[in-house]
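In the two complexes that follow, chain A is the common piece, with chain B as its partner first and chain C second.
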Partner chain A sequence: MGDISIDCVGQNCPVPLVETRKALRKASPGDVVEVTGTHPSSKREIPMAAEAMGLEILDVVEDGERWTIRIRK
Partner chain B sequence: MADKATIIVQSGDFDKLYSALIVATGALSMGMEASMFFTFWGLQRLKKGQLEAGPLSKMHFLGLGKWMVKRRMKKANVVSLERLLEDFVELGGKLMACDMTMEIMGISREDLRDDLINDYCAVGSYIKEARESSITLFI
Partner chain C sequence: MQTYTYLDNGAATRLDERVLEAMTPYFLEAYAVATSEFGYSLGIESKEALDVARASLAARLGASPEEFVFTSGDTESSNMALKGVALALGEKKGKHIIVSKIEDFPVLHSAQALERQGFRVTYLPVDGEGVVDLEALEKAIDRETFLVSIQHANQEIGTIQDIAAIGRVCRKKGVLFHTDATHTFTRVSIDVSDVPVDLMSVSAHTIHGPKGIGGLYVRKKTPIAKWMDGGFQEFDLRAGLENIPGAVGFARAADLVTDEENQRLTGMRDRILDRLLNEVPDTVLNGHRSSRVPQNANVSFHYVEGESITLHLDIRGFAVSTGSACFSRSLEGSHVIFGIGGDHERAHGSIRFTLGRFNTVEEVDQVISTTSEVVAQLRRISPLAPHEAPSEEAK
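The block that comes next holds the complex of A and B.
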């Protein structure tokens, strides 16, 4: 499938979490899913979801309100 | 115990359906399985064209309260119930419809969104799901 990038800027609960999960389902093992958003709780909860599914969180980068999370499937 | 969330949706209220669908899609997004069992007033919302039609559980005010809440939700960029239900189905959630409610209320499969419903069943099927779930809710 290749790496997937999703834009959830301006989206509210639960969309960033749901879109991340959809992308992770489509990704192949080894692919990187990158999600960008502004919803504050999702910044903490997307890594929680990745951890619960045993996936590697590569990094969480913040730029003001905006954050970008990269997860390897 | 399986990593599963099972929710009874007994209320047909607009706001409670939001709670139910957000918890259910949240569970799926966190890597759990999820089942929703629609009964009584909840099942009314699975009739064609009725998903968004419920009243607010509080301060409905003949529709004025709901109109105001919907306006605030739009401003906050909250997605529709329709979108949440689509996400629930796409992420592999299971929809169950109570067949006794259908009989009592004279609802046929043709009245319901049959394409989305995985099972028409009763309490036994709900318990089967619930006993293997680490989260069970009645909304």
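The block that comes next holds the complex of A and C.
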């Protein structure tokens, strides 16, 4: 299916996690899901959830308030 | 493959194979419309199955078969009770009904619909455990009151009301009494020959029966009008082709619920409540501690949102529900938690575990430990939770 980007800038918890899960359900094994947001708790909650799902977190990049998390399915 | 533990049996239950087995012939063999003995034999067979199912379900309530009307589920049953009685009585007795503030949507929204049509509705408050005050009920009944609708047990917090006492108040005051027994039917014993209730909503979906079938108990001589027009089915009270496989499945599902099973669920419920309240700090019970249905445990975890807990539990293989806003598909948090005096935080942090036949003590122990871990993890990143050192977000 290819890599997927989601924009959750300005969205509060738990919306970024919900959107990330939706994207991960659609993704094929090996695809990278990239989620960008600004809500501080989601920045920590999404990697926590990805870890529980046994998925690889490629990186978490921060740019001021904005963060981008990349997860491989 | 990850195992999955379903603990949302208050919303819907897995069909029991024995129920499916009982229903199957009525899909594939005796599939005809129910007809009288003057009709053809396949229809007579259908009719007999419907009659047997009705008699069995009525007997479970201590009622006569002709007092049990099949519907499509508890939503229709409660609509039929409130709107059907309002329609039958018109303005003969007045235009006032009483419901509790924490009713489930079928009753609450039926009451609101009547209100829009000019009826007066009193929304009776409950105490901190979700119990209706009988004196307040008695005071709320006036000359115009014709119906009181108070649930047998609450859909979210599981609190059981004393419907015998409520029924006695209604009887004394000469008003009809409807109760929504969706979450108690077969789980908590009800006998209409003892309890002065006039109408009672029940459903199959909470007891491992099929979805799309329920019933309304209507005591003999209760004024009730047909509110959905069509044929003359169900004693000319509910038009529409009878759902015979559903009725047969509902009766079989009810037969399969035993006292032993209810005791087993009560044990698992208490295990969840005791352990979570003792082991997870800043956790509060929602509902009454002992006067609650066997299958329901509901707590609120401070400083965390219910949606986050449900998402993280789902990821770890557990299905539970929350009274938090997004999850409930309404813009507000649970009206039940607000109704028992809870604030936004308590409503948003509430988690409901509802048990069913297929749950085990091992699953219960797993969900307790996983919930405890998830709550601790979420509190570490919550800006609301007290931290020993200021977290990055709190700075």
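FYI, the second predicted complex is superposed on the first by the 73 of 73 C-alpha atoms of A that agree within 3 Å, B and C clash if a C-alpha of one lies under 4 Å from a C-alpha of the other, contacts with A are read in each partner's own complex, and residues count from 1 in each chain.
Criterion: a residue touches a chain if its C-beta (ideal position, glycine included) is under 8 Å from a C-beta of that chain, and two chains touch if they have at least 3 such contacts.
Since the structure is predicted, the reported quantities are computational estimates derived from the model, not experimental observations.
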Touching partner for A:G64 - first (chain B), second (chain C), both, neither: neither
Partner chain(s) touched by A:G30 [first = chain B, second = chain C, both, neither]: neither
Partner chain(s) touched by A:A52 [first = chain B, second = chain C, both, neither]: both
First, second, both or neither for A:K22, with chain B first and chain C second: first
Contacts of A:R44 with chain B and chain C, given as first, second, both or neither: second
Partner chain in contact with A:P14 - chain B first, chain C second, else both or neither: both
Common interface residues of chain A - those touching chain B in one complex and chain C in the other: 13-15, 17-18, 21, 48-49, 52-53
Chain B - residues contacting chain A, complex: 22, 25-26, 28-31, 76-79, 84, 87, 90-91
Touching residues (chain side chain A, partner chain B) in the complex: 10-15, 17-18, 20-22, 25, 48-49, 52-53
Sites on chain A touched by chain C in the complex: 13-15, 17-18, 21, 40-41, 44-45, 48-49, 52-53
Touching residues on chain C, where the partner in the complex is chain A: 305, 307-308, 311-312, 315-316, 326, 377-378, 381-383, 392-393
